[in-house]
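Shared between the two complexes below is chain A, which pairs with chain B and chain C, respectively.
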Partner chain A sequence: MQLFLEQMLNGLAIGAIYALITLGLALVYGILRILHVAHAAIYTVGAYVGLAIFSSTHSLALSVTGSMLFCAILGVLIERFVYYPLLKFPPYVPLIGSIACLLAIEELCRMVAGPYILSFPAELPFPSFTIGGIVISSTLSAVYGISAGVLLLLWIITTKTELGLAMRATSQDMAIASSMGINSHWIISVTFMIGSAVAAIAGILVGIYYNQVYPTMGAVPAYKTLALIVVGGLGSVPGAVLASILLGIAETLLIGYAGIPLPRDALAFIAMIAVLLWRPQGLLGGRR
Partner chain B sequence: MLLDVQDLHIAYRDIEAVHGVSFSVEEGELVSIIGANGAGKSSILNSLMGLVPARSGTIRFRGEDISRIPSHVRARIGIRIVPERARVFPRLTVRENLRIGLYGIHEPAKEKERLAWLYELFPILEERSSQYAVTLSGGEQQQLAIARALVSDPKLLLVDEVSMGLMPKLVDQVFEVLQHLNRERGLTILLVEQNALASLEISRRCYVLETGRIQFEGASEVMRDDPRIREAYLGL
Partner chain C sequence: MSDYTITIGTFIAIQAIVACGLNVIVGYAGQISLGHAAFFGIGAYASALLTTAGGFSFWGALPLVLFITGFIGLVLGLPSLRLKEDFLAITTIGINFIVVSVFLYVPFFGGALGIGGIPRVILFGTRLRGTPFLFLCLAFLAAVQLVSWLFTRSWSGLACFALREDEAAASSMGVSPVRFKLAAFILGTAMAGLGGALYAHFMRFISATDFGFPMSVMILSMVVLGGMGTLWGPVLGALVLGMLPEVFRPLTEYRMFLYAALLLLMIRFQPGGLLGESSLARQIFSRLKGGEKE
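Presenting the complex of A and B:
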C-alpha cells in the first residue's frame, strides 16, 4: 500500500510536469490550429538558460525569471517569423516549419553547450514533509507547489481577466474578435509568451528533478505532448492538463507493477490510438 | 459625410468580386445596399470593417482614409459590424459576448447604462445572460450580434444580411429595432440585404448592386416604384 501511494505521488509529479509542457501546445493549437512541435525546443532552451543563469549567479529566482523572459521572447520570435507568415498555407506547412525549428534549436543547443549531459545542482526551496509514514521530498513538493501555482494563475488569467476573455474570443473567431476592437495578432503573441514562459519553468523543473540537461531532452516531450493534446481534446487546455496528469500516473504505475516489457513512452500513443478510435473529440473536447 | 467610398475594388486571389463601387453615407442616415446572392454585398461590408483587404480605392470615415488601417483600429474609432449569420462567440456566455463588444473601453458608468438599455431592447438576452451563446436560437443569436455591436455606442453600424435564416416575424422585429435605432437614437446604419422589400421600407436611400457594380441608386421611396427594381428584386 505504501509503495502504491509513493508511486502515485511520483506519477502525479511527472504528470504535473507533462501538464506544464503540454499546456503551451494546447494554448497555441486553440488559437492558431497549429501543432507547435517547436514548443519542446523552447522547453529545452528554458532548461539551458536557467542552468546558465544559475551557474553564474547561484540564484534560483533569477534563473527562473531570466529563463521565462528569454523563452517568452523566443516563442514570440517563432510565432512572428515562422508561423505568422505561413498561416495562409495548409496546416502541414507550418507543421513542417515547426519541426525545422525544433531540430535547428536542438542543434544550436548542442553547438553552444556541447553534446553532454549537464547536471543542474540546484536545491528547490520547498519543505519536505511526512504524512502517514510517506515522505514527500522537497523536490516533489516543489513540483506540486509550482505546477499548482502556475495552473491556478493561468485559470485566473483565462477566466477572470479581460485579456483572458480576449484570448478565448480570438481562439473562437479571430476575424470577428478583431472587428470588436481586439488586436488579435497581439493576443496571439501574448499566448505564445505565456505558453513559452511556462515551458521554461517546466524545463528548469525537469532539469533539477532528474539533475540532467541535454540537447535532445525535448525529443520525447515533443511527440508525447502531441499525443496528449489529442487525448485531452485538441485545443482544450483543461483536457490537456487532465490527460497529462493521468498519463504521468499511468506510466509510473506501469513501470512499478506491470511485468510486461512495454516501454513507458509507448503508453501515450496507445492512449492516443484508443481515444481516436472511441472518443475522437478527446476527453474534454467539444464535438466539432 | 460620415462614410465616403470611392472606386473600391475587392478581389479574392485573382478573382475580382467588386469592380470599383462608389457610395456614401451621411451622419444619421439609414442606407441599404441590395442585390442578389454573390453580387458582392458582404465583400463590401467586410472590406469596410477591414476583414477583407481592398485591392484599390479609398474608404473615408469622417474625412480620414481608413482603407489601410487594421480592423481592430476601425472598431475603436466607431465602426461596428453585425456579421452575416451573427457569428456570436459560441463558447462564451451571452454576457461575455457583450463584454467583448466593450473590449478596450473602460467607462464603467456608461457601460452599465448601455447594458441596461440593451437588455431593455432585447429582454431575452438578460434572461439568457449566463448561457453559452451556442445554446441560443438563430433569432436570439442575431439579437445578441446586434447588441454586441451596439454596446460600444458606435458611430456607424454595418449590418450584413440580418434577415438570413430568420422567421418572417423575427425579420420584421429586427428591422423594427434597426429603424427605431436610426430614428430615435440617430444611429447611422449601412444595411446589406437580399430581402429587398424590407430594406427598402426602412432605409432612406438605396444602392442596387449587380455582379460587383452599382447599377442604380436613389431614394428608397422612388426605388420601390421603379418598374425595373420591382421586377428584378421585389418580384412584383
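Presenting the complex of A and C:
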C-alpha cells in the first residue's frame, strides 16, 4: 500500500511536469491551430539558460526569471519569423517549419553546451513532509507547489482578466476579434510569451527533478505532448492538464505493476487512439 | 562512380520511392500522414522475414510484401475516414510510434537486435550489389513514377483530386470518399513497402530505429519541399534532402544544424515546394515559356 501511494505521488509529479509543458502547446493550438512542436525546444533552452545563470550567480530566483524572459523572447521570435507568415498555408507547412526549428535549436544547444548530460545541482526552497509514514521530499513538494501555482495563475489570467478575454476572443475568431478592436497579432505574441515562459519553468523543474540537462531532452516530450493535447481535446487547456496528470499516473503505475512489454513512450499514443475512438473530440473538448 | 556515390545514390533512389508513395496519399488524396516510415518499416520487415525465415527469394517475396503493406495501409488508413487534418496528423504519428515499439519489443521481429543476414537480390543468376543494385532501384523508381502518372490520369486519380479540393462537393457528386481515400492509402503504402523491401536487401541488416518518426518527418519534408501533388516534386525533394547532409559533410560539427536551418529557410520562403504552384522554379519556367511565345 505504501509503495502504491509513493508510486502515485511520483506519477502525480511526472503528470504535473507534463502539464506544464503541454499547457503552452494547448494555448498556442487554441489560438493559431498550429502544432507547435518547437515548444519542446523552448523547454530545452529554458533548462540550459536556467542552468547557465544558476551556475554563474547561484541564485535560483535569478535563474528562473532570466530563463523565463529569454524563452518568452525566443517564443515570440519563432512565432514572428516562422508561424505568422505561414498561417495561410495548410497546417502541415508550419508543422514542418516547427519540426525544423526543433532540430535546429537542439543542434544549437549541442554546439554551445556540448553533447553531455549536465547536472543541475540546485536545492529547491520547499519543505519536505511526512504524512502517515509517507515521505514527500522537497523536490516533490516543489513540483506540486510550483505547478499548482502556475496553473492557478494561468487560470486567473485566462478567465478573470481583460487580456484573457482578448485571448479567448482571438482563439474563437481572429477576424472578428480584430474588428472589435483587439490587436490580435499582439495577443498571439502574448500567448507565445506566456506559453514559452511556462515551458522555461518546466525545463528548469525537469532539470532539477532528474538532475539532468541534455540537448535532446525535448525529443520525447515534443511528440508525447501532441498526444496529450489530442486526448484533452485540441485547444482545451483544462483538458490538456487533466490528460497530462492522468498519463503521468498511468505511466508510473503501469510500468510499476502491470509490467507491459511496451515502452512508456508508446503508451501515450495508445491511450490517444483509444480516446479518439471513444470520444473523437477529446476528454474535455467541445463538439466541433 | 565510387562506392560512396553509389551508396548515396541508392539511398536517394529508395527514399524517392517512399516519398512518391507518400505523395499519392498527401499530395493526390490530401490526407496528411506523419507516419509513413511505419509502412517503409513494415515493408522492410516483411521482406526480411520472408527471405530469411520464410525461405522465399526477393522476387517471390515482393508481391507478398506489397500485399501485406497495402493491406496494413488499408487498415491503418481507416482512421482517415473519421479524422480530419490535425487529428489525423497526430494519429499517424501515434501509429508510427506504436509500429516501431512493436518491432522493438516483440521477439518475433528480432527485438532490439533487428534482423540480420538478409540475402542480396539475385537477378539472372547474379547477386546484385553496387551499381547494378542502384540501377535496379532506379528501375523501380521509374515504375513507381509511371504508376503515379497513370494514377493521376485515371478515374481514381481524378476522384482523389476532387475529394482533396472539396470533400462535401465531391461526395455529393457521387464520388465515394471511402473508396478513393482507401485506394490512395493502399497504393501509397504499397510503394513505401517496395522501398522498404529494397532497403532491407540493400542494408542486409535492419532494426526498428531506422523507421522511427524522424524518418517520417524526413519523407514528408521531401514531399513538401519538392512540391506536394506534383509528379517530380518528391523525387527532387529526395535528391535535395539526400544530398544536403553529404554536401555539408566536411563541416562535421555544424552539419545537422545547417541541414535543419536550410530546411527551415526553404519551407519558410518556398512553402509551396520547389516545383509547386507559385514557386520560383515555376515562375522562371513560365516566364521563359511566355517569352518564347511573344
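Note that the second predicted complex is superposed on the first by the 288 of 288 C-alpha atoms of A that agree within 3 Å, B and C clash if a C-alpha of one lies under 4 Å from a C-alpha of the other, contacts with A are read in each partner's own complex, and residues count from 1 in each chain.
Note that a contact is a pair of C-beta atoms (placed from the backbone, for glycine too) under 8 Å apart; a residue touches a chain by one contact, two chains touch by 3 or more.
Since we're looking at a predicted model, the values are computed, not measured.
Is the arrangement of chain B and chain C around the shared chain A a clash or a fit after superposition?
fit
Return first, second, both or neither, reflecting whether A:175 touches chain B, chain C, both chains, or no partner chain.
First partner only, chain B.
A:87 in the overlay: touching chain B, chain C, both, or neither? Say first, second, both or neither.
So A:87 meets neither chain B nor chain C here.
Of the two partner chains, chain B (first) and chain C (second), which one does A:166 touch, if any: first, second, both, or neither?
So A:166 only meets chain B here.
Put chain A at the vertex: what angle do the Cα centres of chain B and chain C make there, to the nearest 10 degrees?
90
On the A-aligned overlay, A:35 touches which partner chain: chain B = first, chain C = second, or both, or neither?
second
If you stack the two complexes on chain A, which partner ends up touching A:255: first (chain B), second (chain C), both, or neither?
neither
Compare chain B and chain C by how many residues of chain A each one touches, and report the one with more.
Between chain B and chain C, the winner on chain A residue contacts is C.
With both complexes overlaid on chain A, does A:223 touch chain B (first), chain C (second), both or neither?
A:223: touches chain C, not chain B.
Considering only the touch criterion stated at the top, classify A:111 as touching first (chain B), second (chain C), both, or neither.
A:111: touches chain C, not chain B.
Thinking of the overlay built on chain A, is A:183 touched by chain B (first), by chain C (second), by both, or by neither?
In the superposition, A:183 touches chain B alone.
In Å, how small is the closest CA gap from chain B to chain C once the two complexes are overlaid?
Distance of closest C-alpha approach: 12 Å.
Under the contact definition given at the top, report the residues of chain A touching chain B in one complex and chain C in the other.
Common interface on chain A, chain B vs chain C: nothing in common.
Show which residues of chain A lie in contact with chain B when the two form their complex.
Against chain B, the touching part of chain A is residues 162, 165-166, 168-169, 172-173, 175-184, 286.
For the complex, give me every residue of chain A touching chain C.
29, 33, 35, 81-82, 85-86, 89, 91-93, 95-97, 99-101, 103-104, 107-108, 111, 223, 226-227, 230, 234, 261-263, 265-266, 269-270, 272-273, 276, 280
Can you tell me which positions in chain C touch chain A when the two form their complex?
26, 32, 34, 79, 82-83, 85-87, 89-91, 93-95, 97-98, 100-101, 104-106, 213, 217, 220-221, 224, 253-254, 256-257, 259-261, 263-264, 267-268, 271-272
Going by the contact rule at the top, pick out the chain B residues touching chain A in the complex.
So the residues of chain B in touch with chain A come to 49-51, 70-72, 74-76, 80-81, 83, 87, 89-92, 96, 99-101, 103-105, 148, 152.
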